[in-house]
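So, here come the structures, one by one.
There are two complexes below, and they share chain A, which is joined by chain B in the first and by chain C in the second.
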Partner chain A sequence: MVQITSDSEIISSAPARPTWERWRHLSAPYLLVLPGFVFVAGFTIYPIFSVIVRSLMKQNLAQPEPAWTGLANFQHLLNDPIFRQVFGNTILYVVMVVPAAVVLGLIFAMIVNQNTKMGSFLRTAFFYPIVLPLVSVASVWLFIMTPEYGLLSKVTQVFNLQEQALLRSPDTALLALAVVGIWRQTGFYAIFLLAGLQGIDRDVENAARLDGAGIFRLTVDIRLPLLWPTLVFVFTLAVANALQTLDLIYVMTGGGPSNATNLMLFHIYETQFAFSNTGAASALSVIFLIMIGTVSAVQIFVVDRLKGGTSA
Partner chain B sequence: MHKPGRTILNGFLILLGLLWIIPLLWVAVTAFRSQTDSIASSLLPHEWTLDTIRVAWDAAPFGRYYVNTVIIAFGILAVQLVTSTFAAYAFARMQFRGRELLFYLYLLQMMIPISALVIPNYITMKDLGLINTLVAIMLPYFGSAMGTFFLRQSFRSIPIEYEESARIDGAGLLRIIWQIYLPNAKSAVLAFALISFSYHWDDFFWPLIVTSSDSKRPLTVGLALFTQASEAGAAWQLVSAATMLVVVPVLALFLVFQRQFITGYAHSGLK
Partner chain C sequence: MSGKQINSQISRRNAVKLGLAGALTGVALPRLASASPGPAAQRKVNRSQSEGEPVTLSYFYPVGVAGPLAKVMGGMVDTFNAEHPDVQVEASFTGSYADTSTKVQTAVQGDNPPDVAVLLSTDLQTMLDLDAVLPLDDFIAGSDVDADDFNPAFFQDTQVEDQTWCLPFQRSTPVLYYNKDALQTAGLDPETPPQTWDELVDFSKKIMEADGAKWGVEIPSTTSAYWLFQALAIQAGKNLNGDDRAHVNFNTPEATEALTWMVELSTKNEVMPTGAVDWSAAPTDFSSATTAFLYHSTGSLQSILSQAQFEVGTAFLPKNKQFGAPTGGGNIYIFKDTSEERQQAAWTFLQWMTSTEQATAWSLASGYVPTRISSTESDEWKQYIAETPQATTALDQLQYAKPELTGHQSGQLQKIMDDAIQAAVTEQETPADALENAQQRADSILEQFR
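For the complex of A and B:
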């Protein structure tokens, strides 16, 4: 650039303006992208590398200054019964929440799509939880599930059932959290599936109806194959969301009883902020990044491929 | 012959809808119950009162939490709109070297949520000396891949002739973006604004980590601490009142802009 400018100045001062224009033209896209990119680089790209480096360092209360330790943090984790439990809990939670929320979401979407008289009531009822802060959802359900005081306790009284302290038993606490997760997220997945359903050509559906297809055949033969890419997308989205569960745990159980509801993200949080073990928290973060990154990669690339394959 | 099946189905649907509404309704009702009116004694309050909400408001600095949350949510949105509009225009209408690479690096932000990077980002904030500031809560969100892709999609559908005729009239780049592209992408801007605003109104984990005093905390963190403190004393009337304080603004926003929320989310997933 400098070269061109000085050349043109030697020849005459007239072309200086076009050169400036040219430079402006060339740099404009970078200047437009840069302001946003600075933050993406600083808080998404850089930390991916820095957390990998930190996961290879020992840094905790006994060792405040980070010191190189290789893969020791990861080795400790593999032998740590708590980590194994946390990892197992996380997988179990995903398995409890995701299929239920996606199937229920599909049912919600089909109900709302039928556009009956109650369509707008049902749409509001199913979709409103998605805007509620998860922390408030947690407060709502903690109250509901509190023995003696909660709504659930009143229901068990009516039916003369044994009162259950769901959140205080290691056998039921994770399941109770899963119910709350499903309640909050189902509407979110229904939105995407509803958009998918509305994208299906009405003529195709009507032709199938004329051929005598009932709601079951219509769903299995026409809708599900066309919805397939949306379903895969929603499924991966649901897995990614379930993996990131933290707010519910923080308010409702604190990870207990006996770590029964301690999931990956909460464990990362307590390892750093309760146990001050940055090395272990970083190693946990790297494992968590791999989990989330894999799910996101599947989402982007598989859904892309499916779309290309089916909509052509 | 068709009728009984319909009625049963409709009854079932109403039940299903109620099942989704009742949890919040129960908390809303309890927010109006006096603190001396035992929850165990009845389903509905014996007497309806606003006192509990007033007591909850004063029991924790909810006024401060509100101000902080509004600053955070609007602050992030304002900066995001500027950075996303600029980047969206570049990605939508300009050819430049490294475009693909930058695009994929942006995409990384949609793949890796901030929650997975809290440890290194917390350390960054500590190094910058920004712990326990509102800026620390906002900073990581100033660049938005979602906003950028969202607006890019919308910008692409605007006829290039609009831009060309403005150019002939002597309009510069910024004026073209500001006066041609933004006004023609109003619905995309509104949808993104709603999603961003509600997301940051709801955000909890990151603000929890980078704040250490009530003067900087948003509503979500305040509510979580309030719930923990009140749970032990079974002060559920107060917890319910506090929950409603946090929920009502976003809920109202959703009820007013339901369609925009739904189409906005739907488009955000379809790249």
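For the complex of A and C:
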């Protein structure tokens, strides 16, 4: 066996080191990683495992001791119209928020990219919603949307439009929440996309301009393809964020009216902490895990294909 | 650098990392093993108390009505702490009744219950299912508390199987608030509020036509929707409660009639705003004369009186076949799983909070009905009602009061009822379908308790 030092000097071609030393040497990387791993094991892997196990048990106020039921909890959920409504609401919310937030973010990023004079002011203007505490944001928007006294109501009164009670009707409540969600997240995505835009090689853009490309061609044929990895990342981030909406619902609608704004995470929270139904809440959590996991898997798959086999 | 030097450097770093890893593992693994919340039998809360130090109690309380009652509560607790140097109470405002119930359930299941809490009187069954609260009969027997002094309408839901599990603290019924000025504008007698459902609709239409208010009536259908709807069901002839705590009567003809009337207030008669009227915003709508009539808790009285620029009247909720209302509000509970010393201290606090003096003071500050008969005979109360006669309505309405919706999983039953009401009021479902669905959902939950 040959050993080489940093000076590229062959030390010896002696037989293998004593086992003890060798073991110490080989185990070094694992031991260095161990503290971090223990943390992840304790706070991520163990809870995931625990929730999967609990989802196969029945445990609620009628049955305080967990008892094995196999897939009965999941069966129950599939038959529960509230779960179907919640699942549908969650998908709908994601569809309403994500494309709008990402596209708006891209537009904002392009505006900031063009405009170097007002650049830093615009960046602040787009970015501040994400910095505000979410509960404060929700409280203020709740007030804005209150009929009679809210800002929105004052505006409709000035223009003689019909009074809007957005949060009180199942048809408009989710849309109202989506507006708040978009307002909050767009600037955040704009920052990422701005970084992506500024990473595009100027020469490529100049070459395109020389060839007569207008803003539309420039965007679609040059920028978007080069921005693709960033876009995929932002898209995934947006979906994950939208799926995890909880604070907005808690403050603004409490899941109503008539479960119109009841999304997955809020339903899990209510089922476990308000109704003490651990079995059902665990089953819901497993389903939620699969939803988020799918989103991440799609991202990895898409980026993988893009980069020809190596993920970012 | 020779290979040997690198080896020893790594081994030194190794040693440090090994030590750290070992320490972390040693700390983390036992935690992981004992992380599961268990039933009562497994719970052991160990809060040791040293001699001579005051006992510090944790106390959770909700505010479910309009008004800055958290401040009043803070004042009461401060007074108690000043008068009792050996028992100190740390009060935590924990939101609405539902929020407080959630917080208490979570705390109990996490082996960290509060010592004292105010919860909905209907949460008793849930607390019993969690085996979380202490029966109070021994405490009452060993002290000079007169259980008969509590108003029987409020005392009945502290009883399960002939044991007393809590004491009435902030109790109420819903009442009809009405705008006397609006009545006058419509040419109606301001001292004669509507007595029946039909009169309510009739008066509302007249007031709206005369521009006395933008809307005739508001009956909230968000938070506590089930409570106000219970009143309507009782007035139509049948309460929502079942014969025992594992049954409910949601889909009766009386309930359907009540819900149909409520929905038609906005759809057919157009005297109520469409959509789900908000519980928290409704009192403000009333005090700003946006609505002429309001269904809300008597506990919101003081807040409404302080904001309204017109003369406010209160009356029994209009009857259909009969007058009727559910009782409501919170009782005060002592929790198990703490040392006997703490339980004794908690009892001292409970005794003080439900004493005649404090019960009267609390009622005066809020509009809640005095829980004790002796409170209603006190001079403070008599003087108060001379100035504020509106406060006696709820007390007088008690003769028509029925128990609030309760049962196993009461929180979930209430949400099911709220969902049904909202579905009907926003015209997603017909009242009959909404109540039928509610009954099915409730039955599937209550089955496991039968």
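Heads up, the rule we're going with is that the second predicted complex is superposed on the first by the 269 of 312 C-alpha atoms of A that agree within 3 Å, B and C clash if a C-alpha of one lies under 4 Å from a C-alpha of the other, contacts with A are read in each partner's own complex, and residues count from 1 in each chain.
The rule is short, and it goes like this: contacts are C-beta pairs under 8 Å (C-beta built on N, C-alpha and C of every residue); 3 or more make two chains touch, one makes a residue touch a chain.
Because the structure is a prediction, the values reported are computed rather than measured.
Of the two partner chains, neither chain B nor chain C is touched by A:216.
Of the two partner chains, chain B and chain C are each touched by A:35. Within the superposed three-chain model, A:256 lies in touch with chain C and out of touch with chain B [touch as defined at top]. Within the superposed three-chain model, A:159 lies out of touch with both chain B and chain C [touch as defined at top].
Touch criterion not met for A:68: it reaches neither chain B nor chain C. Taking chain B and chain C in turn and counting the residues of chain A each one touches, the greater count comes from B.
In the superposition on chain A, A:149 contacts both chain B and chain C.
When both complexes are overlaid on chain A, the residue A:273 reaches chain B and chain C alike. Overlaid on A, the two complexes show chain B and chain C touching the same residues of chain A, namely 28, 32, 35, 38-39, 41-42, 46, 50, 146, 148-149, 273. Residues 1-3, 6-7, 10-11, 13-14, 17-18, 20-21, 24-25, 28, 31-32, 35-36, 39-40, 98, 101-102, 105-106, 109, 126, 129-130, 221-223, 273-278, 281, 284-285, 288, 290, 408-409, 411-412, 415, 418-419, 422-423, 425-426, 428, 437, 441, 448-449 of chain C are the ones touching chain A in the complex.
Taken together, the chain A residues at the contact with chain B in this complex read 26, 28-30, 32-33, 35-48, 50-51, 54, 111, 116, 118, 121-136, 138-144, 146, 148-149, 151, 154, 183, 187-188, 191-192, 194-195, 233, 237, 240, 244, 246-247, 250-251, 265, 268-269, 272-273, 278, 281-282, 285, 288-289, 292-293, 296-297, 299-300. Remark: chain B residues 10, 13-14, 16-18, 20-24, 26-27, 30, 39-40, 43, 82-84, 86-87, 89-91, 94, 96, 99, 102, 105-124, 139-145, 148, 173, 198, 201-202, 204-205, 208-209, 219-221, 223-224, 227-228, 231, 234, 236, 239-240, 242-243, 246-247, 250-251, 253-255, 258, 261-263, 265-266, 269-270 touch chain A in the complex. Residues 3, 5-7, 11, 21, 24-25, 27-28, 31-32, 34-35, 38-39, 41-42, 46, 50, 60-65, 81-82, 146-149, 165, 168-170, 254, 256-259, 270, 273-276 of chain A touch chain C in their complex.
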